[in-house]
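Each of the next two complexes has chain A plus one other chain: chain B in the first, chain C in the second.
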Partner chain A sequence: MKNFEEKLNQITKPKVTYLKHQDMLANAITKAKDKSVISWWWLSIPLYLIAALLMKTIFMPKTTLSLNIHDFTSRETYSSVLFFIFLPIVFIVINFMSIRNIYFLSGSPKSISFLRTAWFNVLMIIFSILILIIYSL
Partner chain B sequence: MNLPWFKRIGIFFIPTAIIGWLILIGGLAYGVYIFIDIDSRSHSISDTLINFVFNLLIIGAVYSLIAFLTSRAVKK
Partner chain C sequence: MTERDLLNRIKNNPDAFSELFKLYYKTIFGYILRRTGNFDDTADIASDTFFKAFRHINKFSYKGISVKVWLYRIATNEVNMYFRHKQKHSSVFERADFENKNLFTNFLYEDKKELEMELQKHDQFLQVLDGLKTLPIKYQEVISLRYFEGKDNKEIVEILNINEGTLKSLISRGLEKLREKCNQI
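On to the complex of A and B.
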């Protein structure tokens, strides 16, 4: 009996040094950052177009940004739909899914401090919404 | 296929394999060709730059998409 007690005392909780969850979280953060970079490159095209049309508005009197955008749309229908509607919607969905994934893998924290790791994704969502708003004006 | 061909540093994808370097060199060569082509048809420096930057962004976007798709190690 004493021998058994000694054995029982020696038994400790198993030490888990490697957590698969940590691996999943690190992987999700890397993927989210990669996707935000892709978003940045693709969203830079409509942002550049908006900047160019804004310059045109400034230098050409009696024109507005929405007028120039509609003029561009009438000339380049497919490109404008692709750059001003399709791409922003796709990247809103992709970045939102990435943030959601990180949020759940972080254990659904109450504070928004977890967004520090995914701030670039949030920025891409803001840019996408901005493009959609400017296009719909 | 031996992946990954690229690794991400900041907002850029850097080649890590010969195929990656070939894609990068191809993209740069195409960029130079586009610049010469636009420059031969444009009437001013700003005309050249405005059209060239747009094309450069498209090349960068396509390059980054290829790099993103080929920067993942194949799961065994």
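On to the complex of A and C.
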């Protein structure tokens, strides 16, 4: 057995001295974190409309938010569907996918690093849901 | 800079991970190559190992083990999964964005040519490796770490997270089985 052990120690083993692909792979892996950024500005359109309708509700007596939204919907059928249904749903889906990516990179949702990375996406989802709720009132 | 400093830098700035990559990629690549004897699988497993390390680096905390041992541990698990399932790894190469994919493919191809030539220079090693690959994974791990990587008991115990008594009996039984296999070759 001793001889066999010695033989194993003595046989030459392949060595890795230089790898050309190393630096490019390192760059690609560290860049993977930047994959999930979404522009906040797209959501600002329905938010702006909601804010405008809210202002109208506050400053115009005898009107309600729901009434104002339905008034807007009857005048701007396609835009309201686009801004109040389509965009928020798309945002919810995209942000959930982004959070999945963040989970993939940062680990468990319980970890601080996850929350630090995902807070913006969570905020976007909450806003989108809020818009959907207000529209359906 | 100590490992701890580097880890703190990575936690604040993930781009600093490339420094860790430069320090240990070749070592881990070599370890995987000496376990699989195949360049393509090694490249896949090594990149997955570092991608996993990058994903979980924020969870890494010093509990008596160094980053190098931690990387060996991830690599060992990845290689074991490869041997257990013989499945095609979902390669980081497919998921990652390369600034110049063609250049990367060329570099990878050149590395492959170089290392396949290197492997061919070590006939005896390849014969032993063929025998080793037929043994259960628990023996492959310990024999590879001891005799191919030159690790001592303390390091192997840390990497595999087993106690020293278990390690000694695995090495002894593994050597016996490997000797029988090598006599058959």
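Please note the rule applied: the second predicted complex is superposed on the first by the 89 of 137 C-alpha atoms of A that agree within 3 Å, B and C clash if a C-alpha of one lies under 4 Å from a C-alpha of the other, contacts with A are read in each partner's own complex, and residues count from 1 in each chain.
Criterion: a residue touches a chain if its C-beta (ideal position, glycine included) is under 8 Å from a C-beta of that chain, and two chains touch if they have at least 3 such contacts.
Keep in mind that what you see is a predicted model, and the values were worked out from it rather than measured.
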Checklist entry - Between chain B (first) and chain C (second), which, if any, makes contact with A:Ala28: first, second, both or neither? => result second
Checklist entry - Which partner does A:Thr64 contact after superposing on A: first (chain B), second (chain C), both, neither? => result neither
Next on the checklist: Under the stated touch criterion, which partner chain does A:Ser44 make contact with: chain B (first), chain C (second), both, or neither?
Outcome noted: first
Checklist entry - Regarding the shared-chain residue A:Lys15, is it in contact with chain B (first), chain C (second), both, or neither? => result second
Checklist entry - Should A:Thr77 be classified as contacting the first partner (chain B), the second (chain C), both, or neither? => result neither
Checklist entry - Touching A:Ala52, do we find chain B (first), chain C (second), both, or neither? => result first
Checklist entry - According to the contact criterion defined above, which of chain B and chain C contacts more residues of chain A? => result C
Checklist entry - Once the two structures are fitted together, what part of chain A is touched by chain B and by chain C alike? => result 33, 35
Checklist outcome for this item: Within their complex, chain C touches chain A through residues 11, 14-15, 17-18, 21-22, 25-26, 29-30, 33-34, 43, 47, 50-51, 54-56, 58-59, 92, 95-100, 103-104, 107-108, 110-111, 114-115, 118-119, 121-122, 124-125, 128, 143, 147-148, 175-176, 178-179, 182
Next on the checklist: List the residues on chain B that touch chain A in their complex, please.
Outcome noted: 8, 10-11, 13, 50, 53-54, 57-58, 60-61, 64-65, 68, 71
Checklist entry - Which residues of chain A touch chain B in their complex? => result 33-35, 37-38, 40-42, 44-45, 48-49, 52
Next on the checklist: Looking at the complex, which residues from chain A come into contact with chain C?
Outcome noted: 1, 4-5, 8-9, 11-33, 35, 104-108, 111, 113
